[in-house]
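Chain naming follows the written order as A, B, C, D, E and F, and within any one chain the residues start at number 1.
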């Protein structure tokens, strides 16, 4: 069951007015342009026992992602496919609003939006993760760990997720004659076939703010998350929050997001390049 | 742990007095005789993806039941028997008193009373649901869905359950040589060997009210649920609620229930006849 | 998450002062010496359907332990070892402070301290509990049932646990040619290789009280639990509660505990001797 | 009622598998005041079935709002020790335990004078130490003793016993074997001094004419158990012989 | 979007597997006031997808403190019957159901005049009786009808439908087969009288130029569904033809 | 302590498998103020073990009634990232995490001046990012730094380290390999400026005479770690060199 958040501080109406009036002049509280991201940083290989990991920072927002690859069973209806599980933890470290406990609807929504944006375009080639068809496959656990929440968790989580997947080395599993599986060979990169990034737009009335900070999110009506693959195809989309959107503003929102996705892709590419063996 | 319900509206004592004084004159708030059911209706085949389903209505009370048949494992101590699972959901749609969440003690009691009334007389021939003894059997999931609660959920649920079982077509499972199970043959009816109905009597002091409405249940001390098979054998019995019952009133209560079970059986038979291929 | 207990009666400061001033004179509210246990009693074979059981009493504290041995799977990384599970239930019967529900942090801490004191010195020879290596082993369930809480649950639980293990007869499992396991042979004693007891010391400021009663625990800062095997090796240790301990008082605490463990060992030995066939 | 055949005959020459006649109860032992902390407690053994009951209260509710303005709230837990059964029972409450906690609570609500203690909670906790048939009726019998031991006013003591049907014949106080391989199990509990039934269930199949007969047999058993209850209370508290 | 091939062609000679053209909705039936206890209720069938919605409130919060000082709290549950799907669905809420409950609640928050009912709760419960594609948009359409039936003031009725992509072509109101073997599923819900989008998601892959196109198709569907909503309300309540 | 043999010798020519002597700590790095939202935070790496700690408070309780009239309530969570271990760890709290959260909370209760903040809550959250032995003592050392960073008054900084026994010899600051194949692991935490022990556990078997010896070794380690804590605080806040 989903319930209107009621345990929240009162929304500062004055702040909303300020942000709206700044927006009319094309600027924001932190001096950014309406279509400007905060500084973005992606660091790969931040957790040594993970098979792959990354830390994404957008402004003060910090999201870590870690990948573990294990042997498991395929889904009954997909016997020749490995398994990808995406989990998000909104850690209580990250915000005074986050309480310890199992993932709530916000964590689940975040995980599922990222899951779809990875799964639908086939970012991980799951057909390449089969050991014994119908019996044993590789299960990829992608755990997204939100450490510091200063707004725009979707884009940071997406970036961390892609970074971690691209950083992942799969242990060299081999199937023995008796059907047992052992790690014998050298590790190999996870088969990642595409790169995906997301662009989030905050909605305040008729104003669009790219990469909303927490301060901006709190007074927003909601947001739109667009996920793109490296070729610019739309591979995910989510209206999140109680906002409504004018029918004729959907196109402009899409165009705004489309104009930004390459920036994030560049961050991703750069960090991979820095990280790859020379 | 069971707790006296404490989150309930105060019981209207005046209403109780009214019902009691009407009962002395042999009648009820809705003009029924003390031993009279509200109109009963049973519709089969109401949920297309279920293998069997039914909607039972008693007055304004509406209970749906749906059956799904799946391949599963037998119980360890009953390797040559299929499995029957009965589950009840008191949906929040059905009453302002029902909250979303896992089945509470009321839902569990209801499910278990119906389960026993089906299991003990062998209503479903579980020995006819074995694919590979000890390994693979058919599992019958009987999900009872309470949609509108205007009293006497037991009888409505029992009727919906029997209707759904009698409406069930089991997929034509076949065991291959390699032990795998596939749907190949034509569906066949679920082996239902008996018909069972229940008769519920509300207890208010020394007054018995057959088929109590919600209004009557709220002011009652409790109820007695008697389940009978088509031959009139007693196949289930439950005192529910904090009522007590005079030792010498147990016989009359039984006789009252016994005098009514054929009415419900008739409803069941009629709906089956209407539904069967001509 | 662990939370400072806040649903507790206010700690009686006067009582604390009384206990401290008595302690200065070397005595206690119930006239015991500072290093004196209350009467200890251990009765074996108290629960007929358990494979082994015992009831330990220390003063008014009553703890039962029951063992069930079942066939199960070994841990993946320990294919040639049986499994020992230790579970503690702080029953609501035992104290007005215990609420029904899954084990809380106190029950879990108690279970884990006992588990370690049994596991680390190899009290149960798990290598002797293997039926088919990597496939089927014996699983020993040790359920500790706290019936009456008058302080010092650790020592009573440890004693009940050891008593129950020593009382356990393992059903005579045999592996058939087809890999199935059946009970055919005569039962045999559980392979228990060592005896372990614990000695608990209550800490009030600089005062140590052996075997604190509930009255003493309530005003204490915490306690130290030392577990010893029959040879006097230290096989477990836990500071429990928010107390601190002077660095130079740790040695004296250890020595005090060490001076007492044989008393408990004697109780254990005596009850085994009484129980063994003559 | 498992559909399987019993390993031993359940009736032979008018005797049951353990030598009892059809109307014989198993040997019963009862004790009260066995726990230190509880306000009232009782231990009951009938055959190999063994239960412990404890009562706390009337007391403040454990949680704000868990009260009624005109009477006490009863909390009741029927729970089985993991080692009380043939196979280890997971200590998390099963659906069976949840149902039985409810029917036992409702049985006790009928006898406790709850209106004397508005805005309080009375807790009844029962643990099954060994389960060999008839645990719910043993639980309610012990709970009633523990309530009396706690000094909580009741309309009357509650006692319970099950009547079963084995090889076509009604028998009193069935044990686990008779329950498992018999045709029916009808647990009954009541207040014999008031001739009131407070618990009534049936698991199995009986003929219409057997219902009054089974009830009558149960009541005979209940009266015998009630006499033992009175005796154990008198031993501790005197009076009410 | 399973990566597997469809057992039947999803498009053939411009017709879909069930004979519809790309812009055809499935047959739709709606009823309101179908439940006795709920303050408002609705039943909706679109193709083989079937949902029931009930509304309770505005009413006291079920739990102290679950209120807002300036408006109503909305509680929303999207839930699937265990027998509504190909394989039996566990009735415990899945991650999918939790997400959909959230997006449906957020969609309704945009239209309900919550500020008229401070310190109250409005409950919207939807059960999927049969799932054959488009259940979330069916749920929101039915929920909106149930809200109207309960007399809860809204800025406008909400209607929803999904646009899908099959064999490279956008089609309206996809069913389960088209969802499973198609390339994309874009559910949209909105208030057609105000031209406001309140729900927008995408599961799958589309080209940039297809986004405005898909949205336009969805809106055509939404307007048709909205016309049916008005009709069923008018039949009961008159007016607003 | 798994009973299995180590793949490498744990001691050879007086050196440990990683080249350390018996009294050598692993390399340690500490940082404070690494998180934006938390009132205080710290990051600590010792060998390959890596933890992050955050502190919120003193603040209003998250739930009415979760307060004490005379002091602050401490909430403490020790939690491992799913990717911090050899096999993926389920993020739901394990029994081990529940116990460690308790002993860490109790250790911190001894040093925080909780009576200065009645009716408030102080939250201490620790995440293990990489687990290679000594995570609980790393957690408590980092938590103490985060508390200092949050400006919460303490009787003294807490530092912790484990002493282990490998191949019959006591060694300081064991790593995971030494823990797994060694004979004992005795974690100790304390306030070195006051000579107070606040955490003390033993997992394994030691001789009676080894207990004081192990404690002495731990205290040497604790003093060294404490010196590093002071240094990192001084770098940010000056003073207390």
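Just so we're on the same page, contacts are C-beta pairs under 8 Å (C-beta built on N, C-alpha and C of every residue); 3 or more make two chains touch, one makes a residue touch a chain.
Bear in mind the structure is a predicted one, so any value in this text is a computation, not a measurement.
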{"item": "Chains in simultaneous contact with chain B and chain F", "value": "none"}
{"item": "Count of contact steps on the shortest path from chain A to chain D", "value": "3"}
{"item": "Farthest chain relative to chain C (centres taken as mean CA coordinates)", "value": "E"}
{"item": "Chain pair equivalent in interface to A-F, over half of contacts matched, among A-E, B-D or C-D", "value": "C-D"}
{"item": "Chain located farthest away, centre of chain A as origin (C-alpha)", "value": "D"}
{"item": "Computed distance of Cα centres, chain B from chain A, in Å", "value": "47"}
{"item": "Whole-Å separation of chain centres (CA-atom averages), chain C against chain E", "value": "57"}
{"item": "Chain centre separation (chain C, chain F; CA means) in Å", "value": "26"}
{"item": "Geometric centre distance via CA averages, chain E-chain B, whole Å", "value": "32"}
{"item": "Residues of chain B engaged with two or more neighbouring chains", "value": "1, 100"}
{"item": "Shared interface positions of chain F, touching two or more other chains", "value": "65, 77"}
{"item": "Chains listed in ring sequence, where chain C comes first and chain F follows it", "value": "C, F, A, E, B, D"}
{"item": "List of chain F residues in touch with chain A within their complex", "value": "35-38, 41, 48, 50, 52-54, 56, 59, 62, 77, 79, 81-88, 91-92, 123, 125, 127, 129-132"}
{"item": "Footprint of chain D on chain C - complex, ascending", "value": "46-51, 53, 60, 62, 64, 66-68, 70, 87, 89, 91-96, 99-100, 102, 141, 143, 145, 147-150"}
{"item": "Residues of chain E touching chain A in the complex", "value": "1-3, 65-68, 72-77, 93, 95-96, 98-99, 101-106, 109-111, 114, 184, 186, 190-191, 195-208, 210-212, 215, 219"}
{"item": "For the chain C and chain F complex, residues of the former touching the latter", "value": "1-4, 6-7, 77-78, 81, 105-106, 108-109, 111-112, 116, 120-122, 222, 224, 229, 232-248, 250-251, 254, 258"}
